[in-house]
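Input: a single structure, listed below in structure tokens.
Each chain carries a letter (A, B, C and D) given by its place in the written order, and its residues are counted from 1.
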Amino acid sequence: MNYSKTFQEIYNELQRVEDIGQVANYIPELAHVNPNQFGVHLITVNGEYFAFGDADVKFSIQSIAKVFSFVLAYSRVKSNIWERMDLEPAGTPFNSLVQLEYDKGIPRNPFINAGAIVVCDILVDELASPRENVLSFIRSLTKSSTIDYNPLVAHSEKKSGFRNYALVNLMKAFGNIKNDIEKVMDLYFSICSLEMNCKELSESFLFLANNGIVPHTGEKILSPSRTKRTNALMQTCGFYDEAGQFTFKVGLPGKSGVGGGIVAVHPEKYAIAVWSPRLNKKGNSYKGMLFLEEFTTKTKLSIF
Amino acid sequence: MNYSKTFQEIYNELQRVEDIGQVANYIPELAHVNPNQFGVHLITVNGEYFAFGDADVKFSIQSIAKVFSFVLAYSRVKSNIWERMDLEPAGTPFNSLVQLEYDKGIPRNPFINAGAIVVCDILVDELASPRENVLSFIRSLTKSSTIDYNPLVAHSEKKSGFRNYALVNLMKAFGNIKNDIEKVMDLYFSICSLEMNCKELSESFLFLANNGIVPHTGEKILSPSRTKRTNALMQTCGFYDEAGQFTFKVGLPGKSGVGGGIVAVHPEKYAIAVWSPRLNKKGNSYKGMLFLEEFTTKTKLSIF
Amino acid sequence: MNYSKTFQEIYNELQRVEDIGQVANYIPELAHVNPNQFGVHLITVNGEYFAFGDADVKFSIQSIAKVFSFVLAYSRVKSNIWERMDLEPAGTPFNSLVQLEYDKGIPRNPFINAGAIVVCDILVDELASPRENVLSFIRSLTKSSTIDYNPLVAHSEKKSGFRNYALVNLMKAFGNIKNDIEKVMDLYFSICSLEMNCKELSESFLFLANNGIVPHTGEKILSPSRTKRTNALMQTCGFYDEAGQFTFKVGLPGKSGVGGGIVAVHPEKYAIAVWSPRLNKKGNSYKGMLFLEEFTTKTKLSIF
Amino acid sequence: MNYSKTFQEIYNELQRVEDIGQVANYIPELAHVNPNQFGVHLITVNGEYFAFGDADVKFSIQSIAKVFSFVLAYSRVKSNIWERMDLEPAGTPFNSLVQLEYDKGIPRNPFINAGAIVVCDILVDELASPRENVLSFIRSLTKSSTIDYNPLVAHSEKKSGFRNYALVNLMKAFGNIKNDIEKVMDLYFSICSLEMNCKELSESFLFLANNGIVPHTGEKILSPSRTKRTNALMQTCGFYDEAGQFTFKVGLPGKSGVGGGIVAVHPEKYAIAVWSPRLNKKGNSYKGMLFLEEFTTKTKLSIF
């Protein structure tokens, strides 16, 4: 099937919808992005791909990177990571601290900030050079060697990341952070600063549509069972307080970031990345959500 | 494929697992059930079916019935039901009241108690004889005319349902209950008291695996799009505080009840109901969860 | 000392302050009161008294009555009432339900609604004719036989009291309400509907300034120690979420009601009641608070 | 009146009560104190004083010091400090973070940790050498020049103070901390590390019983009105989650610390300090509370 035409159609329809979203502005690096850029890239498990618009423009993938760090921990760590975090949806952001307090420092899942910080704590224990190892891992999932951190973004995130410091300190008070806080947070903010384009993003998530195997290298990242579980986790926890909404309207497992990127996976079929910088009130790309909703409706390719 | 053999195998394996669950005991009618009963029934969209154990024994389906009342409201009501409830997972039970307070009386989704009570309020407005109409609707989904409410169960639930009365009163204080509280709660407790067996349960959910159409009658209950959305909703919200766990381990949309029943749907393929009365700490059937996890692992039939 | 002149002075000053408060309007009986009425009455332990303005006009004393029901339970009940409620300030109203949930149905103190409902549950157990006995008790504290319930107010409160029903049902779910909910709530809403004027109110609180003895009859209501403790409790818990504010600015133990009344006690000296129907955002009389602040400042008669 | 005899009597009675409290053990410096020490010191506004037991032994005054930093800010700062903190009791410790979240970074009062940290932030802005200035201020309230910080205690508090860092970061996220976090926390932990004995403590609080004037120097620290207000604040907020309990049983404004010290003030009469290291579950000295309850009962010297 040729998706290029579908992309163009949906894009044209979306041109008629006013973009009521707002670009993330809590750090200058995100605030200054051109908000009218729009890119899509889909790649199938058979190697076909379909690009549209600004599919080659790099952007800050932000929380999407939490999937990479989680998969790395999930694939490498022998101890039971689920003793240190749960795998349930998280409820409203308002509850983030009270939930952590109520659950004695155990985050609800690895894709909320608190959980991703615990994942970083695990990686600091597990990896020789965490920052470098995470980057190599991500590059190995794609054909691109230009994927990299943006130190300016990491620095800005760190300078304004007081709420994340509140989370890590509360978890440390409960004994759920083992390493030095600064070491953990440096890794965390680095990972959030990763820059990729839609092409690289869809490539890097393709193993999740392919039973855990990177198609172009044949490397096995996760077992089929753990692959399914990672997808299931994205389905219930991948969109902040809008996981239900995304599941309901798009019907695919996926992950979003405040840089305006969304990546979604159709098991056995494809991975798709879309990028549109303006965010809805829940912090997900406004037009990206609409695009994917329309795409799975038109192609009837929801998993449900 | 012949699932009967698979059912027997998994059952044999589970015999070796100690059942650490507890039968629900907050009302005598649930407490007095024989806890060692175990039934499974699977029915495919092509009309094949596979029964095992106590598949013909009726039990109290409890919260599973919330799917029926939701579907009825979703299919009949022209107004936007999503103004009166959200469709996001609900977090811990501890939060049920505070979440409702924080969200000004809007429940997180139609499958938690608060949401199901709002659905009943909608049905009281919408239907001529709500109690009878809901029952006819459910019977019409199956080939069984013996499905019925259990008035003793409804009465016991009502007598001990103080927490549900706290919820409905709080929502009424916020203006999100339109009708007389007793009228709404009578319907709510009746629906929770429904008794069905695994055979009837799997039949009655089969339209959700069949694009919204009841296979044996051809009746269209929901559009394909709304069918997918209902499945998506079960996926993220169908298991109290264990929706993530069930999605992660079983990988199918489904719904459980404190009577020990679980029903799950594989879109385009089948509906399956399992019943084992002992519950884990989250209120879901302990062996039922294990059975379905093992079933989707063995058959590799997760949606992810 | 002649307080009449002081009353007039403060009243004149307050005339120059815009009354930004709002009359309680959740039931018609409160909404329709003339908001410009203003009354004060002070009575000393030696029997001197000073009236000002509408000191003889009856109004709905609302939550002030919670002191009477508490004192009655505290003086009559042999069992330890503190096993069923705490005596700590309550924090924000937002927390009322979550606090009750967290503390497993034990209210923070007897002066918040949940606590006053538990007090009513105790009185239903303890008294032969609770509604009549409470009324006789209050009349016995004053020289007035016209003090009475207002059944219209009680009825309106009950009809709109969904939040109070949420509280009582939650406590019943935790086992902290022993009697039939309607019986308890009928007493609760009756007590809230009491009508008194400033003269009667100051008289009825005078025993709290007089070591527990009603001056004009010599009757001992509470021991000196329990009298001090009741005053202490009013100090920390008498003003909803503004107990700190009132303690800070007025410096006397007291109790307010949404009818616009406030009564305060200076141990060993006097009781004073003030009434002005417009309420600040926390539900306390706007000008009543200002009047008492000015009064204790001018007379230097704070307990601190 | 000679209080020495009363002290001895109460002490003898308390010898018969098992001390079920526990010494604070979250830092070694507190854990290693001899738990059987017991001291009392009372000083009247007329200069009489009465010592008992270990009244001259220095101990870690911990949170008692929050009164000194608050008074210093209250007396020096021209801006409205109440825009940055409230003056209401705080509810349960469980709520500390959620309350701060709900109130957008505004602490409930200056005597909980969050509030005391905001006070430190104010002092960092206001004072040339905050650490030294606070110390000089405290010394000026007493006749003692040996009062000092304990750097080991400050260091240990800082190393284990993750929960306090969670609080300060959350407030910084809301914009309610103006200065560098480390600078603020260094001052905060220094102040908590202050060591004084009962004699010095009672002397240093005597101005609060004397309309704001230090008796032995005549220096005016606060106006009479602000003195009363500070006492009122201690009354409602001085004992963590036990302010109501202390008010109810002791009936004097006061402040406690996890070092086992309690200081209380009887306006116009005296200040009293008691020290007994074992703490009840709420973090207040177990025998110290009992001693003061017995003392105000025997002497009938409650303010209520």
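Going forward, contacts are C-beta pairs under 8 Å (C-beta built on N, C-alpha and C of every residue); 3 or more make two chains touch, one makes a residue touch a chain.
All values derive from a computational prediction rather than experimental measurement.
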{"item": "Partner chains shared by chain A and chain B (touch criterion as defined above)", "value": "none"}
{"item": "Taking each chain's C-alpha mean as its centre, the one farthest from chain A", "value": "C"}
{"item": "For chain A paired with chain C, centre-to-centre distance based on mean C-alpha positions, whole Å", "value": "55"}
{"item": "Mean-CA-position distance for chain D and chain C (Å)", "value": "32"}
{"item": "Separation of chain A from chain D, taking each centre as the mean of its C-alpha atoms, in whole Å", "value": "48"}
{"item": "Residues of chain A engaged with two or more neighbouring chains", "value": "94, 102"}
{"item": "Touch relationships between chains, expressed as pairs", "value": "A-B, A-D, B-C, C-D"}
{"item": "Sites on chain A touched by chain D in the complex", "value": "94, 97-98, 101-102, 162-163, 165-167, 169-170, 172-173"}
{"item": "For the chain A and chain B complex, residues of the former touching the latter", "value": "86-92, 94-95, 99, 102-103, 108-109, 224-225, 227-229, 231-233, 235-237, 241-245, 247-249, 251, 253, 267, 297, 300, 302-304"}
